[in-house]
Structures are given as structure tokens and as C-alpha cells.
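Both complexes below contain chain A, partnered by chain B and then by chain C.
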Partner chain A sequence: MRSNLYHNTTAQWIVYVVFFALMAFVPIVIDDTFTTNLFARFLVLGMLALSVSLVWGFGGILSLGQGIAFGLAAYGMGMTMQMQSQDPESSPIPSFMLTNELTKLPLLWEPFWHTPTGIVLALLVPTVFFLIFGAMMFQARVAGVFVAIVTLAMLSAWYSMAFDMQPYTAGFNGISPPSPLKLGEHIVDPYSNEAYWIALGMLTLATLGLKLLLQSKFGLIVQAVREDPERARFLGYSVSGYQIAVFTVSGFVAALAGVLWVMIVQYVSPTSLEVTFSVSMVIWAAVGGRMSLLGAILGAFFVNGIQSYLGDEMLYGFLLVLGGLFILIVRFLPSGLAGLLESLLERLVRRPADQRGQ
Partner chain B sequence: MSVNHFWTAFAFEPFMNALLIGLSVASVWLIAALGLAIVYGTMGVINMAHGEFVMLGAYSAFVLETVVGVPFLLCVPAAFVIVGLIGAAIERGLVRHLYKRPLDTLLATWGLSLVLIQGVRLILGPEPKNLQSPAWLNASLRVWVFELSWFRVFIFGVTIAAFVLTWWLLHRTRLGLMVRAVMQNKEMAAVHGIDAGKVFTLTFAYGAGLAGLAGSMFGAIKNVFPDMGSGYIVEAFLVVVVGGVGSLLGSLFSSIGLGEIYSVFAYFTNGTFAKFWLFLLVVIFLRFRPQGLFADAMARR
Partner chain C sequence: MMALLELHQVTKAYDELKVVDGFDLKVHRGELRCLLGPNGAGKTTTIDLITGRQKLSGGQVSLDGTVISDWPEHMRVRAGLARKFQIPAVFKGLTVRQNLEAAFTRHLSPIRNMFVFRDRETQDRIDEVASLVNLKDRLRVRADELSHGETQWLEIGMVLTQNARILLMDEPTAGMTTQETHKTGEIFNGLKGTHTLLVVEHDMSFVRQIADRVTVMHMGRFLAEGTIQDIERNEEVQRVYLGQGGAGHHA
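Moving on to the complex of A and B:
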């Protein structure tokens, strides 16, 4: 009896490694700084789809709040990069604060003078927030659509905060650090191949790390919890514990994406906390296949690739098509393109087996 | 916003008005949430396109008023009928196929909301439209220290009427009995000869119609524009969730509570800050009472 190649772990690992190895050559082949930067952005968006795949596809938790981790981390990174351009003596506070009647740097901003502290905070704060938020929800056994609504409310809360706290966040305009990220003496040019490789390296680490995690016993229990929380609970597993863990890890991955995003685009605004953006992440993962880490990443590449190919004039038409596509996928192809591949490979092994049976 | 004048001090007259505005906000949120509450309570469907039904209501009122020349007060019930019909079609075409997958209905209806927003934007243009209401509705009413526009009073009245009508339909008619039977146990109701499919279509259409009704009024207070619905959807969901699924009375009390909390916070600080605290409080509230204020008044399945 032959089994479906799609479920073969060795084959999966080969595909994953070959994919990321090939992606490394992309900037050498295209040799155009603008496109390299665009592809680096896709990598980061792919990382967001990855976090959705983890929490929703594997954990069964439909979080519409992944943008919280992304946005908080992006603001942390934006603040860090902004402070790199400030000088304690000559220009101690960013100019947008001056126009908002602030005379000294707010306490909230102080830690970001120090770049490593700033980056660590940008990653740590969203992760801890997801830990606390997840503990609040899952210990109260909030589940299903309620999680979606509560995360949505939380996201809206943060959005209005980022929008409204103008003296601290520059409000609607957002923070645009005047110069690229400096690591010690080294400058990371967002349009360089180096920035692309940093993003790719992080995405590879995150994907392979999550793949290992999901193949472990932990990953299997997480999927058991997704399939039937009651039964997992009766078997003695702490359902809320596993849910909190998955939610927190997904928050960390989204936060990592937020940090990389600002490194690459050198800008952060409340749009990173918009509801539409967070739901878009879910769409990317759904199109590619939420039950496949690589599928979700490819879904993000695919949707965003089409979007930037069509350009801004076609944007409204594009959103119309995206909405329609999404309805069709949910209706007819709930496991996305990866699910399509799975059933195609299934058919490949099924047919000879059926003939033998006759 | 400036940091220096962030806090507003207490003063009797403005504060009393803030309380009144809270009630007015509550009526807006309640009429936006009522349809959602019924649809979720009966069918277990989270309709993310509910806000877009609000938008469609506003646009149908606008088209009727400017193109056909129907007076505003007639546009309001007309919007109910038009959006109700659209809702019935959507239930038959899309939602029906996803009943067994509640998370997927959420996503599919979100896709639908994208399609509706962009469709309207392409057909009628992105610029905000102006919905005219009779002059007397825009006048202000002053009683003791309270001051409120007649329009707010009008919305208040329509909301109460819609609420009472819905309650009456659910609890005092044969149709309502069927709806409640399906709500409690779909299979059992079907055994007793109730056509659950038809009940679902009617319920969804009624919920959509209520959204349309709300939209025709919201369009007249503010403007009519393609993504106006997204401004109500989160608040409407919170009213439903805090009130308790399937409980009309819960929605009533939660809308009043949330509206007042919002308005009082908004009085002392400002609107967006108030929203932040409101959302945060709701999340904390759900931590301790995930079933909402009125838990399972009519248990679903």
C-alpha cells in the first residue's frame, strides 16, 4: 500500500529546504534594488501568514488579532530606529513631539535610546502581551468565534490608541525614521540584498523551527486540541495550556515580522493595526492552505504578488476579486491550494491501488 | 489632542448631557446589533458583512431619495425591505452552505463584505454621498438641562419600536415560536414539521433588513460612503457578545451599559481613548463571564 507523498515527512523537509535555498538566489537573479525590497516585504508578509497558519491551521484558534503583535513590534522597532537619529545633546526628542507640545522625551520612549534594548523590547512586549491575553481568554474557555471577536476588539482598541496618542506615536502620520537601521557601525540598507537575506534567514528559521515543533509530541497534542478540545481535556491534557502556548508563539512570530517590516520599509503607522490588515493575513493563509506552513507562506506571496503586479489603480478591482476568491476558497476549497495539492497527490496513489483491488 | 488639556473636569450640565448622549449611542449600537444578535442567536452564524448591510441600507435610501424622489421617512422602511431581500438571496446563495462550519461563515461573510464594499465603490463611486432628512429632524430639542437633536430622538424611537417588534415577533407569534424551536434544537424542530431552511432564510433576511433600516438612518446623521459599515461592526459584535448570545434583553442592557461607559469615558477624556478603555473592559468582562450578561436564556443546541 503506497501512501500519499504529501504526508511523507522526508519529502516535506526536502521541499522546504529546497524552497528556502532557491529563495536565497532571488536577489542575485533579479538584480534590481526596488524589486529586491519588494520581495523582502513579501517574505515578511509570508511570516505573518506563517503565524496565522500556526495559530489557526494547527491550533484551531481563529485569531483576528495577529496585527496586534505585528503592530506593537513595528512601533517598537520604529521607535528604536527613530532614536538612532536623535542625539541626547543637540536633538533629544523627535520633531513630531515638538509639534505636539512635548518638551521632554516621554518615559515610554526612554529605553529606545539603546538599540539592542529597543529591539528586545519590540519582540518581548508583544509576546508577553499575547501570553497574558491568551491566558485571559483560554483559561476562561473562550473558544471558536468568540476568540475571533475578542481579538478583533483588542485589535481595534490598540488601533485607536496608536491613532489617538499623537504626541507619543505621531498619530495618523506614523513614525518614519530618517535613516536606516544601524547595528553598531554597520548600516542595514533596506534596498540591499543583505536586508533581503536577513528577512529570508529569519523566515527560514521561523518556518523550520515551527515545523520541528509541530512534528514533536507538543505539535501533535496541539492538533488534538484543535480537533476535539473536550476529548483532549478528558485525556488529561491542559487544553488552555497548549492554546496559550500556541497563541504566544504565533504572537512572537508576528512580532518578529513587525521588527523586520520596519527594518525594510523604514516606516510604521496605525495601518499596521488596522482590522483589514489582520484579516488579510487570514486570507493569505486560507488561500495557500492554513494546514501547511509553506502553503500559507506561498499564499501570502501569491496574493501580494498579484496585488503589486496589478498596481494601485486596479486596487479596488483587486479587492473585489480578492473578496470573491476568498468566498470561493472558503466555500469549495477550505484547505486552500495546499489542500488541492494534497488531493491531487492522493488521487495519484489511489488509482493504481483501486485497480489492484479489482 | 494636546496632553495639557487631556482631562475634562466635571461639570453638572455637560455631564448630564454626556449621560444622555450615552443613551443615544446605545440606541445606535443596539439597532446596529439587533439583526446580528438574532442571526447569531438563531443560526450560530457570525455575519461579518452585517456592517455592509448597514451600508447597503444607507445607499438604498440615498438612491431612492435622489433618483426616485421618495421622501426620507419612507426611505427608512424601504431600506428594510430592500436589504432584507438582498439578505435572503445571500443566505440562499452562500451562508446556507456553511452552517456546519461557523468559523468559515465568519470568513466567507468577510469576503462578502469586501465584495460589497468594492462593488458599491466601483458602481456608485468612492466619494461620500449626502442623504437629506427633513428640516424638522435637524432641529434641536431642549428639556431642562438636556439638549438633543430631533434626529437622535427619532433614532431612539425607531430603535425601541424595532426592539419591541422583534420581541413580539419572537415571543408572541407562531413564526417566532418556530424560530425559537429551531434555535433550541434544529433536528427536533424539523421532526415536528418545521422547515428549518425556511426559518433560517427568514431570520437572516430579517436581520439584514434591520441593518438596512439602521443604515438608512446612520446615512442621514453622517454621510453615505462605501466602508461606513466597518465603523459599526466591532461595537455591534461587542453588544451581542456582552449581552449573551440569543438574549434580546441582554443586547438591550449591554448596549445601554456600553453606550454609557463609552460616553462617560469620552466626556472625561476623548472619543478614541474611551473606545480603547471600552474594548479593554469588554475583554476583561468576558474573561469572568464568557457567556455574557444573560447567559443562555434560550440555549442553542
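Moving on to the complex of A and C:
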């Protein structure tokens, strides 16, 4: 029997809500702008793990391309914030373009003069891209490991593009908007509690939204498709339709993370489209538990927490350890840390029941 | 009266080899038809051709007068076909309840289903089917923890939940104990009249328990059709089929 507290939806909702409510107090307790900013970054990385949990854990689609949505959105937000510092009269062109011998603002950049348009595009373009990309993949019945390969190839293509289109993207250097995000007259200081709370608010909305989505019939069918696509097809469902939908939603969540990321770090570069980054997201979700939204988020906190504690000098050694950890988890703990909790609760339920049975 | 399901000169060839060869079949509304035949006769292939899992090399399939043989699988299902696979196919990582819920296909569109949540109607239907297939106490169990017989019942339950117009059952009792097989026979007999079924079977005692009419195929071709008594008396059938393993269980 697999029905313990872990599977009780009411209990899950309570845990989720309490968790996010408690997280709101973190900046007040730590009372340090640098650490608050660091934690806000973790929240955004948690959102990426959330998107992986949805698409891979629940949808069974091993996407190594979540960084595409993140990166595109991050560039959109970077462009938006960059244009906030430009002036149509005195300085209509970002300085990196001048050094790349552009004399006119490229058409691609024009919409980003207007902040709301810029933010909407930053969210919309990656989402629509995931919709089209997903439709191409899943209608051709690309499945299993081939999804990983195709998404990885697509990610690499975007990475090269961001890198090579120097006049438009500032290439390797990336875009560093001179000042923080302005919403109307209001300035969102990346080091403020407010920035943290915005990130937390968005993460809460995204998580609870996805949790609700997964409890709908849609969520059930997405999981059914993961278990056995052919069976689902013979129940009358369009398998590709569900795969495209869940892939697109995951792209939107990753895009939201990209927008928040640039709000918090005030910088975007091709590293956001790096392969190692997208692979890391998958590892965070695996460590925390890909079949649990909250588990995946905590996995991201956990791994990134250790990583920043160890510092940059240890980075490459750490990546090696991370790879090893991933293999161990996949082999011995397929449901991650959340799975550990699940079996713990299972044992708690079993023990009294067994004793009664004797 | 027009047949609900009609196969006309249905053919499937792999290169030279015709595994189904000009096969005709008519199943009428409310009928329970058994499809019999030795191993490799082409029974599963015939079901595959009806449901669109494999492409026809010739002939056509129609449902209630509409030719469906060039439709994609999920469209045929929407038109009213439901299928149980020879190798039981259930969603192993999901609970019995979730399996049945997935099969309750009131809405099919992904967008639409984002706004559909468990409701009374679904629950009632699930409970009803679960008690019919003896899984009422197993609703919270994950499907991969079920016994082989229970897994078969779950898939039969899923096919029933679908509310289809014709149920295609490929060896529903394979791997069941004698008792489970008998119980399954009772379930099927309870469906007669209200449901239309095409049942592929090997187990002769089961066929005797449920069959109205029996069609026998051999090497992809039609061999005989009639009541179970006719079929058991038919010499040709005895030669190709019953002679092999007697009238008992047959792998």
C-alpha cells in the first residue's frame, strides 16, 4: 500500500504554504544585503528546478534545454534594463554596440525601449519558442533519450548565437545594464528585501500554480503519458498535445526565472545558455526529487548552497562531485531526497500497522 | 441491420508474407464475438489493424458505416473503439484510481483538462467500474503492485470506463488463475446486450462460458464461424486448432 501522509494532498498543501510563508521571514532574520541577494538567486534557481520537475519528473521528458527559455528571457530582461539607461536623444545606442561599429539601434532592440513590452516579450518569446520547438519534436514522436539530445543540440545552437552575434548581444562579455530595474518611478534594488520578496512571490505563485495544474485531469494525463504513451493514445488522448503543453508550461516557468535572474544580478551573458548550467538544473531536481515540486526546489537550494559555501576555487572539483552525486542518486535514490522522506513516512505508517497485525 | 464493426477484405503483408489475408468480419451491436485461432493466426494483428496501431496493406475497416481505416489511432478511439492489449498495458506508476480516472475520457483536450478536477460523476463511475472488476479495495494501490490477474482486471476496467461503442479485448484472461478466469467470464456475461465486444481468446473453457458466436481464423484467413458447438464440431477447426493442444489452455 502506498498511501501515507506523503501522498495526502491536504498535508502537501499545508507543507507548501507553510514553507513559503516561512521563507518570507528569511531576509528579516539574516539582515544582510549580500546574503539576501544570494538567497534571492537561490529562489530563482529553485524555479528552474521546478520547471525541470514538471517537464521531466511529471512529464517524463528529459529536457536539457530549459536553459534556452531561461537564457532568452534573461536576454530580453537585460535588453529591457539596458534600454532604461539609454536616452532617445542623447544616447540612443548602448555603448557596446558603438564599439562594434553599429550606428543605429538594431530593429530587434527597438521594442525594449518600452519596459512593459520588454518584460512581456522576455516571457512570451521563449514560451512561444518552446511551443513551436515542442510541436516539432513531439509531433515527430521524438522520445526518450532523443529528446535530451535534440534539446541539447538546440541549446548549443542558441549559445553559439548569443556568443557570435557580438553587435547585438555583446557576445562573451554579456550585457550589464548600468542601473537596477525601474518599474515606473520605483527602483528595484537587487540587494533589497523587496527583490527577494518579488522572487519569492513569483516562486510561490509558480509552485502553487503548477501544483494545482498537476492535480487537474491534465496533470494526471501528463503522468499517464510518461508511464505509457501508447496506452494513453489508445484512450483517445493526443500524446503529443499533452507533451507540447507541458513542455511549453515548463518553458514559461524557466523564462520567468530568467527575467527574475537579471532583475537580481543585473547582468546577462552566454553563460545562461551554457550546457553545464542546463545539466545542473536537472541534477538539482534529481537530488531533491524530481517527482516532487518542492523537493526539486529544495534540491536546488541544497546543491547551490553547498556550491557557494565552497566558493569558486573549488568549482571544478565540485562539478565532478556533483556528477558523481547525480549518478548515485539516479542509481540508488531515484526519487531524490523527497523520496527518502516518502519511504520514511511509509515506515512510520507500516510499523504500527504491522504491530496491530500480530 | 448494419454491423457496428465491419472488416472488409482486410489484409496485412510484410513483404511477401501475408499475416492477415482478405479477412472479413461483421460484429453487430450488443454482440459478444470471440475470435479464435492458433498462435500466429493474425488475431493481434487484426486488432492492430482495427485500432490503427498498424497500417492496412489492403481492404477497409468501418465503424457504424463510416470507414475509419485511414484515421490516426486517437481519432478511432474517439469514434468509439476501446482496446485491451495482449500484454496488459496499465500506467504502472499510478494508482488504480488514477488509472481508471485517466480512462474516464469525458474531455480529451489538454487545455480543457487543465480546468477539470475530480468530481462526483468521475468518482461514481470509478467506484462502479472498480466494484465490477473486483478492485474496489485496491483503489489506492499503485498498479505495479497488483497481481497479474488484477492487472488484467484493471485494464478491463479501464476499457469499460471509457464508455466506448465496441470493446476489443486481446486475451483478457492470459495469466489468470482458473478462478479469476471464471470471474472474468461472469464480468463479460454481465456486459452482454449493453456492450459490444470482440474478444480474442485461447482458453476454451472461458470461450464456452461467454461466447455467443465464434469466428476462427487461421494463417490470416477466415476459417469458420458459428456457435461454440458448431465450431467444436467443425472438422477443419479441429484439425488446425483444437487438435493442437486439445480444448484446454493454450499458450
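We take it that the second predicted complex is superposed on the first by the 354 of 358 C-alpha atoms of A that agree within 3 Å, B and C clash if a C-alpha of one lies under 4 Å from a C-alpha of the other, contacts with A are read in each partner's own complex, and residues count from 1 in each chain.
What we mean here is this: a contact is a pair of C-beta atoms (placed from the backbone, for glycine too) under 8 Å apart; a residue touches a chain by one contact, two chains touch by 3 or more.
The structure presented is a predicted model; accordingly, all values stated were derived computationally and were not measured.
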Exercise for review: Return the chain, chain B or chain C, that is in touch with more residues of chain A.
Suggested key: B
Check your understanding: Between chain B (first) and chain C (second), which, if any, makes contact with A:R233: first, second, both or neither?
Key -> second
Exercise for review: State whether A:L210 touches chain B only (first), chain C only (second), both chains, or neither.
Suggested key: neither
Practice item. Scan A:A73 for contacts with chain B and chain C and give back first, second, both or neither. Key: neither
Practice item. Could you look at A:M263 and tell me whether it touches chain B, chain C, both or neither (first, second, both, neither)? Key: neither
Check your understanding: What is the contact status of A:M81 with respect to chain B (first) and chain C (second): first, second, both, or neither?
Key -> neither
Point to revise | Partner chain(s) touched by A:A199 [first = chain B, second = chain C, both, neither] | key: neither
Check your understanding: Can A:A296 be said to touch chain B (first), chain C (second), both, or neither?
Key -> neither
Check your understanding: If you lay the two complexes on top of each other, which residues of chain A touch chain B in one and chain C in the other?
Key -> none
Exercise for review: Show which residues of chain C lie in contact with chain A when the two form their complex.
Suggested key: 51, 53, 73-74, 77-78, 82-83, 85, 89-95, 98-99, 101-103, 105, 107-111, 113-117, 140-142, 145, 158, 162
Check your understanding: Given the complex with chain A, which residues does chain B contribute to the contact?
Key -> 1-4, 46, 94, 97-98, 101-104, 106-108, 110-115, 117-119, 121-122, 126, 230, 234, 237-238, 241, 270, 272-273, 275-276, 278-280, 282-284, 286-288, 290
Practice item. Mind listing the chain A positions that touch chain C in their complex? Key: 1-3, 213, 215-218, 220-221, 223-224, 226-228, 230-239, 241-242, 244-245
Point to revise | Contact set on chain A toward chain B in their complex | key: 62, 100-102, 133, 136-137, 139-142, 144-146, 148-150, 152-154, 156-158, 160-161, 163-164, 166-167, 275-276, 279, 282-283, 286, 316-317, 319-320, 322-327, 330-331, 334
